[in-house]
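In the two complexes below, subunit A is the common chain; its partner is subunit B in one and subunit C in the other.
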Partner chain A sequence: MSNKNLFFKSGFVRAPLQNGVGRYVCQLQRIVFKFCKSSGGSRGLRDYIEQDLVQFAEQNPSVVVYLKPRRHRSPVAVAEYLNGSRVWMNFNQKTHSEILKWIENLRTQQDDVAATRLRKYQYTDHPSIQGPWTPFTFKDPELNVAELPNVKFGANNRLPKTATEELRLLFEKQKLEDVKTAE
Partner chain B sequence: MSAAKRVQQWATFARTWHIFDCKWQDPYQSANIIKKYLMGLHKPIYHPMNDCGDVVVCINSREIALRGDDWRKRAYFHHTGYPGGASWTLAWELHNKDPTMIIKKAVYRAMKGNLQRRHTMERLFIYPGEEIPEDIKQNVSNQIRQLRLVPQRLDHIPEEEVQQYPKVMEYPPDYVLK
Partner chain C sequence: MAFVRRFMPILSRLVQNTSSNQHQKIHRWVAPTLRELNRREDKNGGKIISPRNTYLEWNLEAELFAFGKRLKEDFDAALLFQAFTDRSYVIKEEMKQKEIKFDIKMKDNRELAEDGYKFMDEYIDLYLQAVLPKFPIEGVTGIKNHLLSEKVLANISFHLGTKDIILAAEYPVDNYKLANTFKAIVGALYRSSGEERTAHFVRDFVITQLQGQDVNEFLHIEDPWKLLKELISKAGSNIEPRLIGQAGTNTLLACYRVGIYINKEMLSAGFGETVNIAKEMASREALKKLFGTQENMYPINFRLKGIPKTNPEMRYQIAAS
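Up next, the complex of A and B:
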């Protein structure tokens, strides 16, 4: 996390009230397009209004669309959502196809997602089935009753057998076999 | 937070007390292991910003083993801050003065020098011998495995065990052992 993220709101990936599971409620409530009728910076937004806006309004009857012409100001879109949040987006010098994509983004997002730092890219209500880890998970139960310090728990048990130990075990095995043959 | 969740939190972040036997161990290699437990690096929940470090109790620090002729050659530097205040103490001298100092310095040096280091060091207890205060001993619930096998001296092995040990051959009775 760098310094610029210190004042950046953090959050998790969430859908309000399990939106989209079963039924989907469009979270975008109102969108206001502000543009200039004459300046070149608004060209892309004017093209969008001429060609696609009516279709957008028809396809999204739940979204209120306002157009606000204003002279010699840069074009913006302000989207308001069900949870009360408001997203302001600058459309100055943006082309028609860029604006098309950004409006699709405003329509489908549920909040100003870009303004939150996602702590994780996934979210679950049930992070673990077997339960969270504790210091006693996967511990040898013998430790519960052992008197520590104890050579049995303290000695390195990952070293390979020494040649001496190997020979001693061979000898023990041989002794057992001798006993068997004698019987 | 519900009662069950609260207890879950306590269980996950509970501090474990580990014991480590320094007998015949290289302090500089052991420090890398002790460090992991002190900082909580051995836990799956580790994060530098959560307080999950454990407590480590080191015993038998008097019986550490240095490599090569480190006892004679390794020098510990100290400067009082005054002109001419520099001093170099050899490892054997330092060990004679304070048998816990070498392991302490080794662990301190193994950790990165940040603000947390001194607080982490507070969780390290070192004792020169076997004896630990009772209040510390009753907290211990785990033992850290040593790096090296502790060699056993022949005169410390019981007489019968030595007698029963398999032999390739017997020395002749008139053989004079040097």
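Up next, the complex of A and C:
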């Protein structure tokens, strides 16, 4: 995490209110377009309102659309989401097609996701599915029927190989190779 | 932040675009001005947050229409409006009307909330009994009480966007009002769309809150071994606990493992730092297996259609014990 991200709010990937388990609820609840009727900066937004807004409202009856004309101020969209958050976006000097894409972005997100630093790319309520470890967790089933004490299970196999053992293995390997070359 | 940005000198704004430099040149008068504004705000009793429905861009009718569409339900408009009218709002309006000698009757949502609660209470009970066929009735009631608790209902209500639409005397609305409004919405839906649609609504928004939760947490068992023994002996079988593993005895990290056997066949195993705890854990595990709510159970079915019927024969009775 760099210094730039210190004041980013952080979060996990979560669906609000188990969205989609039952039925899908569009998370954008209302959107306010503020624009000027005459200034050039609002041109793109005015075009959008003239050409696409009615269709947007028809396709998304669950989103309340407000238009707020105001003189000589730059155009702005304010999107409000079901989790109570509010996303402000400046549309000054943006073209019609840019605005179209940004509004699609506002409609499909659940919050200002770009303003959240994801702590992880996945999330689970249950980090372990096998439960806590115990000394019996990965026990060899063979042990259940073994007669103890047992040479196999009693052997100490945790020590590293001794130098003598290593030499003996090298010698045996060499002998095999000698036999091969002789053949 | 926007305020600060606005008063950055234009030249520095151009240079600072990459923002690798820690110093942002902000005019010297900005900080004292902000401080003064803050002081005046505090003097007037803190920041005033006006509720959303006092904004210029607010249309209650449109909001109510969108609310119904959001949930993909067809509400009766008058009923939905009534569902959003809180008692406190009606009282406030009546006081106002008395002053100006005016009288319009307003209905509050208490009656609808009562209807909605009654419906949810019955339906959730039936639904849980259908999807958890072996789980004891006490556990089903425990889950139901959790789902119908104020906290859970208020959370659902909030995330469906009722917060701003509720007509109340004070804002922001508290959890009680949020939960009450949600109950009233269920009641309103029941009256306008009938039983089945309401049932599916409750299933999709309330019962799904169980997703990712352990249902066993809602069933409190005092002595699991005693209960298990009673249940098994009723079925006419023998049950015995066996110590099947121990490690690190007489140390701080002692670990015992107890298995529970029915007719010499292992039912479950549990571990703990003493034999008694291990036995208790093993019996809890065994009970989960009997109730069909073990760790690796299938997820609860959230797609049952209509209103399920009860089938009490299969269920374990623990009330008698």
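Here is the rule we go by: the second predicted complex is superposed on the first by the 122 of 183 C-alpha atoms of A that agree within 3 Å, B and C clash if a C-alpha of one lies under 4 Å from a C-alpha of the other, contacts with A are read in each partner's own complex, and residues count from 1 in each chain.
The definition used in the following text is that a residue touches a chain if its C-beta (ideal position, glycine included) is under 8 Å from a C-beta of that chain, and two chains touch if they have at least 3 such contacts.
All figures in this text were calculated on a predicted structure; none of them were measured in a lab.
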item	value
Partner chain(s) touched by A:K68 [first = subunit B, second = subunit C, both, neither]	second
Touching partner for A:V54 - first (subunit B), second (subunit C), both, neither	neither
Contacts of A:L17 with subunit B and subunit C, given as first, second, both or neither	second
Larger contact residue set on subunit A - subunit B or subunit C	C
First, second, both or neither for A:L167, with subunit B first and subunit C second	first
Partner chain(s) touched by A:A115 [first = subunit B, second = subunit C, both, neither]	neither
Contacts of A:P135 with subunit B and subunit C, given as first, second, both or neither	both
Which superposed partner A:L148 touches (first subunit B, second subunit C, both, neither)	first
Which of subunit B and subunit C A:N156 touches, first, second, both or neither	first
Set intersection of subunit A contacts, subunit C complex versus subunit B complex	131, 134-136, 139
Contacting residues of subunit C [partner subunit A, same complex]	19, 52, 56-59, 62-63, 65-67, 69-72, 155-156, 158-161, 163, 203-205, 207-209, 211-212, 245, 247-248, 255, 257, 271, 295, 302
Subunit B contact footprint on subunit A (complex, rising order)	131-136, 139, 143, 148-150, 153-159, 167-168, 171
Of subunit B, residues touching subunit A in the complex	8, 11-12, 14, 16, 19-21, 43-45, 59, 140-150, 165-166
List of subunit A residues in touch with subunit C within their complex	4, 16-18, 21-23, 25-26, 29-30, 32, 61-64, 66, 68, 80, 82-84, 125-126, 129, 131, 134-136, 139
